[in-house]
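This is the structure, below, for whatever I ask next.
Labels run A, B, C, D, E, F, G, H, I, J, K and L following the written order; every chain starts at residue 1.
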């Protein structure tokens, strides 16, 4: 078997602090990996008169979330950890279930996806509170992700809201 | 719950045949989804003097494999199925375990990745033999994927081969 | 008047075989020329709340179908034939009527267009069966077109399907 | 305070004529500045199942209208005037009220926007009739803008029309 | 069956005038649709030592003419009409026959194409005279097309002219 | 009339807090909308030997400020508010007057614009202090804007400063 | 020697009318050829503190004027004439002298260039009046050029005007 | 000396089968390497009135053929062979002579090149028949090359054919 | 001699605070200028089997660091200081020596460069702590730089770490 | 009147030497200015079956020659001279006449253009011999131009040569 | 058979001198054609842990060398010769043997390739000395090639050198 | 410590000659490294009415000079030397002082920069005379740099020259 921690963390930070932050980020990495799989899953299973608009709206978001996963994983490694991108570990450690829908119309999917986003954002904000004490660089990275995730959630909510 | 099959398949094919092919492709979709997660995992965990070359070699392949997953999933939908891109279903139905390495040098990772590729390609060629009887369009799609997967496996093998 | 057949076909094929395949492809060329005119016609006549999404979804498909017509026509010429792209000959030889709708909403148009696609794809698959015996190059070209036409038909069907 | 008129106009035109045309164009500049603010306002406030399609349809039009404002303002300057792009002057001199809606669905917004476009186009055509006698260059510039504004109004109308 | 006229035309124009212009433009739409089919037909059938130059010269012109058809059709819709892009209606209503040549050398084709262009341009100029009274926007649109069609006809004529 | 607040705010924030931040941002949206109108106004009215350099320097800044307005408005909507982009509301609620100059040379305009920027930046920093307590995401967004606004103000000041 | 007129003009125009317009355009071609040479001459000879701004401002205008010369020349050919782009004929037939300055500062050059533009634009407007009776296509082409030439003259004038 | 075969072939194929296919492909690699050298040779030596058209027509084809050589060579390596790209081995093993022409006009060169293409295509189709039994991936790769080679041969034939 | 401080700082900040921050940033500017010189120095002097990978890995980082120097210098100026980019002042005021290696292999260079990065990052984090009290805009700017510098240090460390 | 010489030349060269080279280059500037006018003239007047190929072949060369004129003129200025780009001075000082042809076919024009190129190149080589003694920078600049002019002359000659 | 020499050479050079230089360049053309075949050969046959870095490093160099062959060949033609790009003539006239390696690791291949480069560069410098007396244009062309070949040889040497 | 000379130089040159040229180039590398630092320094410190024009004019030149430093350094390495890019060695070995200005207006900075350029160019021309005897490749490289440096110096001089 291979090691999970290097003997360093970033300069100017105590090693145990750096590794603690890396540990908190691992949960965020699993969440983001699951999220981009779900976004693709909906991309393939949405039906009904708004098919094409929703189908195309999801792809740039998928790209963004995949980039966020990469950013988190490389931060873990930078802090001296060994990021896990493995599906088995993801499923074992997550606190939520598989997304429940297959073929369904746009509004049904978006209402469900809204819940997924609320979960991811709440957990991001939770980790944000914890890492802010220790490492302002990681804090800034998470703020940047929350900003984009909340913006996209507004897209979703705008579809399902009625004036 | 939502439906998993539409009432149609592609024109000129019996519905049961179309749905059978869709069923075979679902296994390939899980394999490709797992493969692109593994490629990213190695991208983050490789260390040693060949770090940067291997780190960068994996990204275009990740992009390719993500595109293959998309192509397979949309073919399933075209044939009247409802593609599953969910991590829980992936882990439940797969016949292999999580990738075993974290931090390791390039040659160790590539030797392990070579085995992963052998598994994916053999299963792709196996499905190729089955769908070729029924649907030449799906057959052609899988041939195109195998061609690229084998080419990339040659990249891997060239690294670990000694003259 | 000008000639309709050259004195050659592709190397390695009997001239009468090459010219027979060219003859089968002429029907496909008329079908594709009519199809891209119809796609534009819908692009201009769709109305109602999903106007812009459908209006824009049709244009890349129009480009694709125009490219397919070009590909078929140049294959006819390569095989030694003289491709006809003339509207009068198209209308005289076709086995279907003008597309029946003008101003109509998206779902009505897409339901009608779904039928047009079923017709084109069935005839493509029919010619596929015939040329496969004689010329694997033409067979491969038609497989590539059917793959894309079926994918786009899935787009159409996803709009009119209800979960 | 700074001057509002230069001592020249374009060659071949009497100075008072040039300045008169500049005066007529000032009203059009206010109208276009208000129009691009309104387009953004709707872009932010539209809700419901057609959210993304309408949200994205408005942005290229905003760009176009901003370009038209620039074109009109530089024509005013070219004719020897000093174009006003100020919000206070805009509101003081305009003959219409603020756009009445905030959060509303696509069809409600587009029906309101259709009225805004009718107003802008009618006033453009009115000025067109007046400047055509004096300056064919300005006439041509306005013709070009009306062409685009009418085309976009057709987009709006296609959404709210039912077959 | 679906409707052919909306209950509106562009602001500032009487509805019967707008619809009359739309009617005149329908003939131009059929002419341009036929023209781009003919340009492709020649692209495929030209032979002899100037093959490649003529083959490549026609493609940008095909693109241009397809864009003109789009522009005319969207103007018809803007004016409240329902543009017909259907091949059957095209062939029924046109006043000319199918293009007469198949395989022929460049000069023979270009001499024939010169006649086609003379026909299209004369009819465009004829409609130009009629719509100029009613709608300066449509007039300007047709002027723009004639300018480009004449320029390309000069290309053709330069080929077949001898000093 | 249409509603001004949705029944939600971003996950992890109390609704009244989210709506309070949205209210503070509305003032910033009006300021930025006025600022980009002023930048264009100067772009059109600057004269004298430095005309082209200043004329061109303002356009990228206009683009930036328009993007900032968009960013603020979408944050308001994300927080559950209904952003107002209307000129009438802007003029009613602002605490400053119309920009005072028309035709003037570069240095005179830039000295005046320097004051405008000081006003906008001070108000931004003021809101920054208030929202920082409540929502780190909005805080980060405003910091990013202040950074750019101050950088551009340095450009302005470098022009009017003498060594 | 080679011929100067073809035996045709554009369809729908009497040959003598077409050739008369071509004759009028020849003067404009010489003027534009001289103008782009002068613009480059100033580009090389301007000195003083505004060197770089003026040096760079002239190049896009040179490109534009070269494009106008091309457009006029191809219109002459389209109308059946043989455009002269020769320097000897230019100098023999022109009614003005060589531009008088070499090394000089920006304001001195721009004041001189302003006169050159006044000359070119007046002659363009003069020909515009004459060709408008005969050929609306050429009229529109010249209108388009005057619009741009006047706009650039405003650039020049803005430099030399003082508020 | 270095080895010519690895100890592996692609997954799912017997090693002796994979190496047999690699052996057949070596002949195709020599043929394609010779073909792109010949295409350049003609590019440099063609003269006469069609010089530029032929000179430019050959370059994209050279690029294509160089890409085909690369594709074949990497397939050989993927199958476990060691591709030879050496000129000495090429000349020793080929069954044809050097291209016979130097300076000559376009038609003479193209007639000679037509023969070269017939040779290459016939041998490609011959290998196609043999590998199709063993490896559908290699079969598909060769079909794709034949399609393009035949299309380009049609270009050549269109030049030398007379109607 | 010329002045080193302007009479202003950014709006909303006391002048002595702004100038104090500018002073702290001057040290960071020297460090970044030295760093991009060192990155190029290694780019030229690295040898051994990993030459090309390391040679190319350093160039994007050089670009990044040059951009950081620019960003810091323009922030100093924005705050009212006069940034020094002079090599003599750099060498006089720095607390470290010249980089010690010339020709050496990749691992030796990267181990040395790792130390350089630790120095730069620690000093950046040190200044971060000081400016955070005074100016959140500058704080944000430094956080963004540290994030990238740490990421690149992870690249370096991954090369020299052994699993 | 304005001055023709500055009080400097390039560092390391005697002022009289620099100005002498500038004087020799003035003749080359007139030759290149006349050449690009002639290339456009032929572009407009070529007729016959090779029209489009020659028409298009000349435009990149026109761009190149315009760039050469710019390069020579800026070298004159760099050496302290005041480059003349004026048509009157060009015609007065040149040693050749206007290009003799108008409408003519490709071969006739190219044979004439071949002579023009021989003249320009011989004079360039003549100046090359003279400046080589004095200024290696100017020598290198002229070598670069001759290389391109000779290459293009080969294009011309290849068209008119018969095997 | 076709001719090997035209009746001309470049203006300002004696025909026998031009043809002598063309003769010397023919040897360089064979060397460069062989070199780009060898570069591809290594690209396919390199193995071991530095596979991907070397595999990718060779491709831009292959492109460069192919461009050099083109440049030399077109110079031969410009000088009046008929360049030979034929593999048979290459092998007959060369003074070296086929490259000796197939599958081998990076360092072994690069040590061998270093010798190939030494041979090509020495012969280039030898011809440089001879043509410099006769034709400065050809001299400059070869200098440019040697510069790039030596730079790439440094890449090779840096890999195999140990500090 | 690491070595400063390899055991080779370029093929066809005596090793001591190659190393002597490398030694001469080291001085040029220090000069260019200092020059691009100075260009940035002025970019940050220029003030007054021509700020933006000069600020922007310097950046492309900075890019160019950085590229020249790279080119010189890689030539040193190609010749077998170990290029020094270190700031300490630069300052120790240079024969000039730090650039004397901070905040100053454009004309003052450009007059000072003119002197810097005279110094760099004179030293470049001096080395040019020495290496020309030994190595024509290095000679050509320096000629190319002087050409660009002199051209940019003309830009500077044009700003400070008065007609």
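Quick note on the criterion: a contact is a pair of C-beta atoms (placed from the backbone, for glycine too) under 8 Å apart; a residue touches a chain by one contact, two chains touch by 3 or more.
All values reported here derive from a predicted model rather than from experimental measurement.
> What's the fewest number of moves from chain B to chain L, given that each move must go to a chain touching the current one?
2
> So which of C-E, J-K or B-I is the twin of D-E, meaning more than half of its contact pairs are the same residue numbers?
Comparing each option in C-E, J-K or B-I with D-E, the repeat is J-K.
> Could you please state the distance in Å, as a whole number, between where the Cα atoms of chain C are centred and where those of chain J are centred?
Whole-Å distance between the two chain centres: 53.
> Rounded to a whole Å, what is the gap between the Cα centroids of chain A and chain H?
Taking the mean C-alpha position of each chain, the two centres sit 49 Å apart.
> How far is the middle of chain B from the middle of chain J, if each middle is the mean of its Cα atoms, in Å?
60
> I'd like the Å distance between the centres of chain D and chain F, where a centre is the mean of that chain's Cα atoms.
23
> Can you tell me which residues of chain D touch two or more of the remaining chains?
In chain D, residues 2-3, 6, 50, 53, 74, 77, 103-104, 108, 140, 158, 161, 163 touch at least two other chains, as defined above.
> In the complex of these two chains, what residues of chain J are touching chain L?
Going by the criterion above, the answer is residues 2-3, 6, 8, 10-12, 74-75, 77-78, 136-137, 140-141.
> Residue numbers of chain E touching chain C in their complex, please.
Listed in rising order, the residues are 1-4, 6, 33-34, 37-38, 40-41, 44-45, 69-70, 73-74, 76-77, 82-91, 97-104, 108.
> Mind pulling up the chain E residues that touch chain J in the complex?
Contacts found on chain E: 50, 53-54, 57, 106-107, 155, 158-159, 161-163.
> Give the list of chain D residues in touch with chain E in this complex.
The touching residues are 117-118, 121-122, 125, 128, 140, 143-144, 146-147, 150-151, 153-154, 157-158, 161, 163.
> Touching chain I in the complex: which residues of chain B?
46-53, 55, 103-105, 108
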